[in-house]
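Letters A, B, C and D name the chains as they come in the text, with residue numbers starting at 1 for each one.
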């Protein structure tokens, strides 16, 4: 079976850490903290923008957003690798769960889920 | 050209949101906030664990970690879709940058990058 | 010298942890992770709201926001206590720095700081 | 009645924002996002440290930690001010709730709360 691009990324990151002897720092606990810190940097890119502005970033903003999103993905892939689960399987399972919890015909229009907020 | 599993996921999430009329909530700003909130829930799974404990979660802990990691991936994929960039390309570019910034022969052992913390 | 309400809170939280033998969990590293997780829960309260909606939460929303803000303050006070610094002194120093970096006559109107985003 | 130091801080921050015409950016939604981003920067200071290292930061690390903690407090105080609630009252209410939920004689030693993780 061929590997997916996400699996290739996972292997490349594993090799990157091994070559630098950084695996010692990459405990799941540390990776999860690094991930939320990067997610915070990503959110910071949008913090003072209006909703409309956030949908139309300029080239410089978009470059920073891409770089922060990449950091989040990198730590997420590393975390899944260290704990031995498949990210895409996890996402697929979650979507199936969400489809059960939020049937389109029930939540459409009223956006029931979001009304709770 | 065939689509990658991540592109399939992106399309499925777009359809999921459209069917529920939830695209109106999915501004990049809102998605980035939802992402960091989910990343916080992921980090919370590890917050009181030792490094060793975090590497050996039990089945129940692992199930929660997988579900939170899936939420992070879902919002990350949605964000990239709304802003029109490819997540894997972004990660590949970031790794290339990191390889330049942290040459293995310079940072190995001393773990220079991490000494700054 | 009389103690401030924030110092009273710090003492009460120290006692609360000691009575439960929870100091062992309250390393600065763990407290900082717990803090960002609670901050994520606070942000989640606002994630699907418009700016206007976020300024006028209903009673139930406000109660949740207060509770999440309290959690953030609690972990922040604990962290400062464990590391032995005074939160108000730190905030005062930061404001003085911000006054130097962002002189009102320079950034007013144009909101220079925020234009970078 | 005299004002508390935290109330003084709140007033000073309100004036700081007003002088710069920054109140327009300080919606509760934006402040909560800025807060979690700063909390992420605070957590990042500890992300690669062991528990023991996190308890004994050097002078430079401690200075950064203080500055990040100050940023969190500043946004927290601003948020409470904009929504009109008292942070110390909120924390006091939360502690009372925690005392009911986690009676010392029940959770001591076994650290029941943390066993769930």
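Basically, contacts are C-beta pairs under 8 Å (C-beta built on N, C-alpha and C of every residue); 3 or more make two chains touch, one makes a residue touch a chain.
This one's a predicted model, so the numbers in the text were calculated from it and none came from an experiment.
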Worksheet item: When chain A meets its copy chain B, do both sides use mostly the same residue numbers (more than half shared) or mostly different ones?
Response: same
Worksheet, complete the sentence: Check: interface with higher C-beta contact count, B-C vs C-D, is C-D
Worksheet item: CA centre of chain B versus CA centre of chain C: separation in Å?
Response: 25
Worksheet entry | Distance between the centres, which are taken as Cα means, of chain D and chain C, whole angstrom | 2
Practice prompt. Mark out which residues of chain A touch at least two other chains, giving numbers and ranges.
Written response: 25, 29-30, 32-33, 36-37, 39-40, 43, 45-51, 114
Worksheet, complete the sentence: The residues of chain A that touch chain D in their complex are 25, 30, 33-34, 36-41, 43-44, 46-48
Fill in: Of all residues in chain C, those that touch chain A in their complex
29, 32-33, 36-37, 40, 43, 45-51, 61, 114, 117
Discussion item. For the complex, give me every residue of chain D touching chain C.
Written reply: 4-6, 9, 12-13, 16, 19-22, 24-25, 27-30, 32-33, 35-36, 39-40, 42-43, 45-46, 49-51, 54-55, 57, 62, 65-67, 69-74, 76-77, 79-80, 82-83, 85, 87-88, 90-95, 98-99, 102, 104, 107-109, 111, 113-114
